[in-house]
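Here come two complexes built around chain A, the first alongside chain B, the second alongside chain C.
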Partner chain A sequence: MAALRLFSRCLALKKYDSLPNIAPVSIIFNRTLKYLPKEYNETDPAPLFFNGEIQSLLKTLTRVNLNKVYRRRKLGQKKLDLPTYKFVTDEQLQEMMKDAEVKADELLQMPPVLKIRGVRDRVLSRDPALQGYDAATYIFTDITFGIKNIDRIIIAREPDGTLREADWPLRDRMNQVYFPLPGRELKPPLMFQDNYLEKLLTRKEYEFILDRSCIQFEPDDLDYQRVTTITYQHVNDNNDFEILRSTRHFGPLAFFLLWHKEIDNLLLDLIQSSQIQEANVLLQLYEKFHKVELNVTGLQNTEALEKYIKEFSNKRGSLELAVQAYKELEEEKKQMERDLKHVHGVA
Partner chain B sequence: MATHILNITKSLQKLTINSRYKIKSTECVKPCVPQACEVIFNNVIRSSANFFGKLPANALWKGITSVSNAGRKRGRAKTVSKKNIKDLNRGQIIGVGKANIVWPGLSAPIIRGKELVEQQKLPEDPDREKKLVQLRDTMGTFKFAKLNPMDRGWTGAKMPGRSIGPPDPIGEDKFDGFDTRVLELKTVFNMKGNFGRKRRLSVFVVTGNSNGLAGFATGKGLESKIALRKAKNRAGQKLMHIKIFRNHTVYHDFFTRFGSTKIYVSQRPPGHGLICHRAIKTICNVVGIKDLYAKVEGSTNLQHVVKAFFLGLLKQKTHQEIAEEKQLHLVELAKETSDFPTVLASPSKCREPKDVSNDEILNFTQYALNGKVVYRKRREAPFFTKLKSWEMYLKKQEKLRGQQQVRINMLAEYGELRSFLTEKYPECRPAKKPPKESQEES
Partner chain C sequence: MLSPASGTGRFYRKSAKIIRFARHGCANRPFFHIVVTERRRTQKMPVIEQLGTFDPLENEHNEKLVSLNLERIIYWMGCGAHISRPVDQLFGLSGLLPIHPTLYMTAWRNRKEIENQAKEENNESATKT
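Moving on, here comes the complex of A and B:
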């Protein structure tokens, strides 16, 4: 201990008996879900995700709607507070609106998409002389103020005398013990277990799942990626894109679908709702992700779309039909405009 | 002399006969066989008059079932209760008795068809006695119809607060969706030189459709039923439109008064409920206001409270009116919507910042109250918080502060309450009550 104090840092010591409640966080996998998690475990998606251009394109896909961003939320109060009323001039109102937009940008900041973190199992020393000194693991945590959770030194002395770096679950737990984050539990809530998660998914509580997983886990945690990827797949299969639009989770969802080349459902949804610009943005992203040429020239054209359908799509039939319907609708609109102009004697 | 003795013996005889017909029960029972008595009395010579023979049956009945006012004051009404007064004549018909005999001309027609009906004895009716007893049991035990707890008024079995239904339709016009509530029911007197004191009932009601249409009125009548009907129908004729903000509360805080009754009304968020005088609460229910706080100051004369509240409701300005008056936008910032500026109302022409003077009231509540400041009394801490024992109690409680949450978490995680030793020593569990069955057996 004296040697450790030489670091002139505060060290917190925890002694753990072999208790059940400190056993590494284990989530019981009852494989009842029909989805398998698809973690980002091979190539690192971060460079692509943090690219400025891709961020802005993902934001375009999010389709910011202030009414939805600032929707009425339950804040966990027992009683609602009275709103405040203000008399404002035109200028003040515009400023307030501008501030709201800036704040909306903050609220819509996407959770990062990262590769899952590597294993931490570096052994610092093996001291067989200490074997059998105690039945408990000693954990040493550097609790100096102002160190990031990720940089904090946390080491463990095993009963067999091995001094090793704490592994991720242990680190998370110790960080939460000494520097609790509001909303994060010491142990992952049961809702992230497959059997409970399935119920939430069938109830379409996607936002709740994704929000809570953001609070509970680190973005490069295996559990985080398990929960989110399963949710994304469920959203994709049920075409529930509208639920996640204008939330911060739409970007990562689109990123996931692009990464795994599963954009057909989203594309179909966009074409059917006549959002041809967004469909083209999606194809632009597809080009960037998979280094293919789709020649997206204008955002109103359907050529790139047709090319994509021909070459890469898995749902060719329905997509082609949707494009056809879209074209006919556009033609009808144009015709009607022409007729109207004719009737009014404009052209 | 001999005749004298004969008279005495006869009067003695009469006394003994009388004693035979004495009523045995302690209950006051109306003599059910007066004919027999009369027969006996007719046969004897009445020498002395007692009240029993002197008074008619009605007077006797009254004497035994009621107490004079003077007697009531002396406490004699205690023993006379309606429960004990039973009219044994009820349910009995002349000619019909225990022995089921047909008496032509009394209990049956003399001629039936072409035949003469003969007197005859029929088998006894076993139910007759039972029916009579049942009838007598129900006497004196009158019960009011049971009222659903939700239909009860403010207090006990009184009318105020109770619903009396919508006003009666006028021709084709029906008061659909209306409900009338009694606010006051009292006796009023009128004094006149020639008629003297005249007593009437005065009823004060409010009616409304729970959607911003309401009216109130009084009605008078000799009977409560008439007064209620009059008041209800008059209220239906005096309907007023009342503005309700987002269908749940008032547009803004306001102060209103009628006479010396002053009311401070303030807006409340959804789910708050009606925290106010019971009459105001009833009015709000009828009008359709769901959340509100109101404080009545000064006189709580009910009619004044109602009038003051209605005046205040009617004088409310909508947000559009306020914005137009102020020539500024009215913006709402709510915590639930992350303080997004929701524009409630915009004027047709907005003022420039330079036109807004420094001494102008820009606080919405202040503006709505017209500069009046509501005195909010600071609630003093209870006396015991100054005691040493309270400090000790708080210290002791501190270590238990998270107990409830820990229990919940533990139950969620392990399904039971346990200690960190439970794994090793299974007896480290809170004691459980044995199941009920085994308790019964032991």
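Moving on, here comes the complex of A and C:
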């Protein structure tokens, strides 16, 4: 799989070569995904992501809608309890709503954004005299009670007598063998392979992909970041932000777009739906990510927005038009309010 | 019913204990528990405690899986439990104990056999031509 990815990457580089033997190769290229994964592999995004202020701003962008959080879900075989109906006073109802909000907060906890984990290849000892003892690799897993999966000792004795630390895929496999997590499979499901993933993406099953990759992989796994970043790029290109809104994946999506300076589509979406406050929140985040001055003063102003469009945006035309339309709409609303007041004889 | 890993075997405080395999597979499918039990007990009798597992058949990645409860193994070794040879060999491979001499012997014999086979093949091909 990794080899295939590498291959397609090489192809992406070679695509415009004028070599005569490129023709059969380009057929293979057409069958793979058009997006390349963009992992967090250089600087560590974790300090930025776990910053309390940034977390709360990302949550604002998520726009919590309780109806969507508590929507009907596909739960497979799991049977739901029958609903209970109660007569309650107003106070009790308020309390229940508060409880629901707290629970929604838990349900909307964002999957962490981390740097890709480093390689694990420490060799503990070499013993060439053991060569020929067995053709198989012996994997030793420490199953002592109460150890976390991440701290567990897992080592391998190779047929050539080397005793080495297990690499990440092997560790994941062994942890799943001896301490299975519900929902996670021993082999990654086929849906995460490029050709199947593409079908899911065209069907816009983003939530399914992201939920399942959360269960299947660790957040600092290369595969997790490959699947999620490809999905985020697809969402961004097709303007499908509404599908992910009010889910736990909107924060990481926004984080990804901010990190790679690709917020224009999201900004356009926000302006067109008259969510100028959220647009300003997005710009505040942009300031913090890239250490630039946009002077976001009020959440209802469009000044910072105009400054951003002038200096940093790649889609200046459409964004300017959207801002103009928004301003006209606001003006119209104000005018109508004034007229109404006049008619009612208030002003 | 399966007994819990903490075991149901009765034992005397000063009796000789041993860490050894107990076969738990079925016909043609060996699978071993690494257990600590009294030396004089037979393989199928209740054990004091299970300390790990060993799957002697390779999986699709050509790996043999061993799990060891290191904390309890070290405890029972500290109590003076004996260790059977196959288990000692495994502990040696895992790096917990020094490598058992028989491992080196088998490895050397296997290598030698391969060498001899290669030599014979060479001779055969030489005589044919």
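Heads up, the rule we're going with is that the second predicted complex is superposed on the first by the 311 of 347 C-alpha atoms of A that agree within 3 Å, B and C clash if a C-alpha of one lies under 4 Å from a C-alpha of the other, contacts with A are read in each partner's own complex, and residues count from 1 in each chain.
Just so it is clear, a residue touches a chain if its C-beta (ideal position, glycine included) is under 8 Å from a C-beta of that chain, and two chains touch if they have at least 3 such contacts.
Only a predicted model underlies this, so the values are computations on that prediction, with no experimental measurement involved.
A.B. asks: In the overlaid three-chain picture, which partner chain does A:Lys79 touch, first (chain B) or second (chain C), both, or neither?
C.D. replies: first
A.B. asks: Could you say whether A:Leu107 touches chain B, chain C, both of them, or neither, answering first, second, both or neither?
C.D. replies: First partner only, chain B.
A.B. asks: Does the superposition put A:Lys310 against chain B (first), chain C (second), both, or neither?
C.D. replies: A:Lys310 contacts neither chain B nor chain C.
A.B. asks: Which partner does A:Asp90 contact after superposing on A: first (chain B), second (chain C), both, neither?
C.D. replies: So A:Asp90 only meets chain B here.
A.B. asks: According to the stated criteria, A:Thr141 is in contact with first (chain B), second (chain C), both, or neither; which is it?
C.D. replies: second
A.B. asks: Contacts for A:Arg71 in the overlay, against chain B (first) and chain C (second): which applies, first, second, both or neither?
C.D. replies: Once the two structures are laid over each other on A, A:Arg71 reaches chain B alone.
A.B. asks: By the touch definition at the top of the document, which applies to A:Asp127: first (chain B), second (chain C), both, or neither?
C.D. replies: second
A.B. asks: Would you pull the chain A residues touching chain B in the complex into a rising list?
C.D. replies: On the chain A side, the touching residues are 19-21, 66, 70-75, 79-93, 96-97, 100, 103, 107, 187, 190.
A.B. asks: Touching residues of chain A toward chain C in the complex: what are they?
C.D. replies: 124-125, 127, 129-145, 153, 155-157, 161, 163, 174, 177-178
A.B. asks: What does chain C use to touch chain A in their complex?
C.D. replies: Answer in residue numbers: 52, 58, 61-72, 90, 93-95, 99, 103-104, 106-108, 110-111, 114.
A.B. asks: Within their complex, state which residues of chain B touch chain A.
C.D. replies: That would be residues 267-272, 326, 328-338, 340-341, 343-344, 350-353, 356, 362, 364-365, 367, 412-413, 420, 423 of chain B.
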